[in-house]
Amino acid sequence: MPEQTPDEAISAAGAGAPTDLALAEGDSLEKAPGGPDGTGPDTKPQSLWSDAWRDLRRNPVFIISALIILFLVVISIWPQLIASGDPLDCDLGKAQEGSQSGHPFGYDGQGCDVYTRVVYGARNSVTVGICSTIGVALIGSVLGALAGFFGGWWDAVLSRLTDIFFGIPVVLGGLVFLSVVTSSTVWPVIGFIVLLGWPQIARIARGSVITAKHNDYVQAARALGASNGRMMLRHIAPNAVAPVIVVATIALGTYISLEATLSFLGVGLKPPAVSWGIDISAASQYIRNAPHMLLWPAGALAVTVLAFIMLGDAVRDALDPKLR
Amino acid sequence: MLLEVRDLHVEFHTRDGVVKAVNGVNYSVAEGETLAVLGESGSGKSVTAQAVMGILDMPPGKIAGGEILFKDRDLLKMKKEERRKIRGQEMAMIFQDALSSLNPVLTVGEQLGEMYVVHRGMSRKDAKAKAVELMDRVRIPAARERVGNYPHQFSGGMRQRIMIAMALALEPSLIIADEPTTALDVTVQAQVMDLLAELQRELNMGLILITHDLGVVADVADKIAVMYAGRIVETSPVHDIYKAPAHPYTKGLLASIPRLDQKGQELYAIKGLPPNLLHIPPGCAFNPRCPMAQDVCRTDVPPLYDVAEHRQSACHFWKETLDAR
Amino acid sequence: MHADHSGRKEAREEGEAARTLLSKSRQGNAYAGGEPILEVRDLVKHYPLTQGILIKKQVGAVKAVDGVTFDLGAGETLGVVGESGCGKSTVARLLVHLEQPTAGSIRYKGEDITKLSGRALKAVRRNIQMVFQDPYTSLNPRMTVGDIIGEPYEIHPEVAPKGDRRRKVQDLLDVVGLNPEYINRYPHQFSGGQRQRIGIARGLALNPEIIVADEPVSALDVSVQAQVVNLLDRLQAEFNLSYVFIAHDLSIVRHISDRVGVMYLGRFVEIGTDAEIYDHPTHPYTQALLSAVPVPDPMAREYRERIILHGDVPSPANPPSGCRFRTRCWKAQERCELEVPLLAVPAAFRDTDSPARHPSACHFAEEKRVVPPEGTLEPVPGEGGQEEAADRAAERAEEAPPGAAPEAAPDTAPEAAPDTAPEVPPEGPAGGDEEPPSGSSRVS
């Protein structure tokens, strides 16, 4: 026989007894869709970031691209690890020779060792890529977020500004702006990329902030008396940052290839800096006779850009579906 | 019997395991009859309907067993082409959110007319005339002028009527309405349900009404099937179930809704939460929340016991539930 | 009696007496009595509609809230019902200062909070808090539950010293029925009902006196709604809270409210105690609304009167002149187009004792019982049911308003009524197709 008929339970509830609300909740906490099993207090708390990280870890595209990038970063910092020579130590007598023992990629038009130059070229490319992206992300996010959050005049001014910058063709602009620069370091190139690259991120950040702004939890914070700063930093930014991360990661790859393009055209990095773009430019006329001079730097460039774009793709997959 | 679902099992294979959304569901609808399928989130009521219509996402979904007999033919064994034809012409579905079910870049006339152009081979002009006729039938005022309007230019209730018109265009034998009025205001809800009932009578269609609203069910349904955790836990003609429910879940639901004509003390609340379909409790899925649960409930899955003519209940203690009124 | 202030003073006193009586009937409600804790007068919120790219010209306005007046007593629950577009959510946002009113005043304990800013506003915010509708978007998915509930203390550090905060948060979790050990979890690890409890806990953190609940249970499953409603009831008794409870579900509103206000197109059309509104409604819109609510009782369909409104709600950017409801009202006459009805006790009932004596904004207000009295709908088997149904129908025929003259010609064929109950003599137009667009039909 049942211990307590439903009606007894109902009248017990009706008499004001607290029923088993507290216990029931404690016992049968519904499991998170992607989380570990368990219904007790020992189930670990799980932020959305850790969920995304878990997804990322399992994605083979991420693993491959991450390894490649890690390798590139390491040899950027310590090229000596795999290249013992000096990229500027050239012997004209050996110009255009193919691969030989000790010089697996052969020699370029000036007699420099292609392998060493490829390895050292990685440093500039990776530096340009990472620094430009950081600059673009910072400036673009801040301006875009301000425009999205405050709206009104801020938004109008910023949107027209981004329109203007979007209208400037990148390569042509590079030819114009950078041709007056004589320095042969990476910084002018980075500066230029940041100058023309921030609008893209600003636009994304603006849209993302506008979406996040309308969420109830932001309104709730306002109703509690939160200041604008708190709302931006605590509530909106963490929830709006995902699209920015995705786009920035993919853009990284394109910045690297942009640097190579500008160097190819002669306005980016200039000798004695070592850059894949410079090497590709110099080797392009010899493609019939000595293709190795072109193929190795071009191949390295392609692999690097691909690695970053694949990384961006994997990050997008991990972040997108979760973070509405 | 127009539609008969027999022992249907539907699973979803997700990264975290197999979600058993539907676990052995049996129900049937005759011509001219209205079956209300009642349940809360996670009960499997929508998934069953989608399986009947054939619009489940097949990975990750999978029909793991059972038959769906429509006019005595098993839909699950049919070829895709055949099934698609039936889906368009003899079965129709009405969804909850009309705005996202209608194409925003096509006018209403075009969308309604499309049914005729595609399935009946009519010319665009004839199809448009038919569209106006349909809109009139679902009582959209000034149909002739509004046939060229876009979905967003209509109010929520009107859009739902357009959905109904689309569903009816080819005069199907069966309509499945998945929470058709949940998103609507109560006065509009009344209009739409009235319309649906009237059209059903006219065309002698079978209607499966999926809802969680016990009030709407009482107004419209002939019989009810209550679902919980992917199973049917009670079936009954509509009059009997309100007076004397035979399953503790139904009883709990009825007791926990506030009544328009009563102001009472604390509401009875079914304790606990609906189960996680990845880990359905053993035995009777309702046992953690049931005020009458005994040991046998935790080990033996209750079959559908026959309570009376046309009434069944999946509770070991249905008799006690019935008696303890 | 004194002619000049009899109306207002009496109304106030009666209102208070009624409130006291009702509050005492609610278990455990410590009613303070005396002045209302919140006085809203002529609240208006218009959203401007602009045209133009560089220089924006205002071409109109969406009149979301257009003159709302009500009082809220300490410890009482005022329910606000209405359909979508009536402005109730906007009223909620105005009360917690998420929007600035275009005109009107909101007095909290005598002080007009719409004029406040800065620190004074922040201090007042502590006393009026909000619970939001959607449990899935009202909590920041990247903050732990402890952070979410603890945030009020970070914003208002004077309420709780730093060391005390964690304990307070755990207490709050306990009070709303959640395990305090879940303080480090994230919202997506909880169900909808639990998230709503977290939202309630957050609302309680600063010990407010007033909580504005904007459809707090609409997004929840039926079985969970009861849990949350019970929780709100209990918290009100325990902490002596006043609620403004906004919803479109009339049954839940009745259950929890002491007084109820019905909104239509930005204004209150009727306001009174729950018994007055539900059992003795006088405004046609209220009557239509109540008749449309499905009651979980299959016998109801046999002898319940249904009022079906025709047409759509007019756009709030272009509300009808005079009485806003006239385009859908079966009683509308010329006066309704010309004169705006005031929200006041209708003249017909002013000197009576009837419960219909509550403010209603209709020139032709009359009482009409739409919701069957408690206990009527107990199903009666077999033939006995038919007789009872016949009796009730006859009663209603007598009660039916004699003075209402519908505009359209009466169409004698009522909609196909179910076999058992005899027809109430058709009074007004029925059916839909031949209707003029601005009518409504009554179906028995």
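We call the chains A, B and C, going by the order they appear; numbering starts again at 1 in every chain.
To be clear about the criterion, a contact is a pair of C-beta atoms (placed from the backbone, for glycine too) under 8 Å apart; a residue touches a chain by one contact, two chains touch by 3 or more.
Nothing here was measured: the structure is a model prediction, and the numbers come from that model.
> Quick one: point me to the chain whose Cα centre is farthest from that of chain A.
Here the answer is chain C, farthest from chain A.
> Tell me, please, which two chains come out on top when C-beta pairs in contact are counted per chain pair.
By contact count, the leading interface is B-C.
> Let me have the rounded angstrom distance from the C-alpha centre of chain A over to the C-alpha centre of chain B, please.
The answer is 46 Å.
> Roughly how many whole angstrom separate the Cα centroids of chain B and chain C?
Inter-chain centre distance comes to 30 Å.
> Would you please write down the residue numbers of chain B that are in contact with two or more other chains?
252, 264-269, 271, 273, in rising order.
> Counting only residues that touch at least 2 other chains, which ones in chain C make the list?
Those would be 27, 191, 194, 227, 230, 234.
> Touching at least two other chains at once: which residues of chain A meet that condition?
As it turns out, chain A has residues touching two or more other chains at 13, 16, 19, 21, 25, 30-31, 33.
> Using the touch definition up top, name the residues of chain B that touch chain C in the complex.
Residues 40-41, 136, 139, 141, 155-158, 185-191, 193-194, 212-219, 238-239, 242-243, 252-254, 256-271, 273-274.
> Please output the residues of chain A touching chain C within their complex, sorted ascending.
Touch list, chain A to chain C: 13, 16, 18-19, 21-22, 25-26, 29-33, 35, 41, 43, 45-49, 215-217, 219-227, 230, 234-235, 238-239, 323.
> For a test of understanding, state which residues of chain C touch chain A in their complex under the given definition.
Per the touch definition, chain C meets chain A at residues 27-28, 93, 96-98, 121-122, 125-126, 129-130, 132-134, 137-144, 148, 151-152, 155-156, 174, 177-179, 181-182, 184-186, 188-191, 194, 197, 199, 202, 206, 227, 230-231, 234.
> Which positions of chain C touch chain B when the two form their complex?
It is residues 27, 83-84, 191, 193-194, 221-227, 229-230, 233-234, 248, 250-252, 254-255, 274-275, 278, 288-301, 306, 308-309, 311-313, 371-374, 376-377, 379, 432-433, 437 of chain C that touch chain B.
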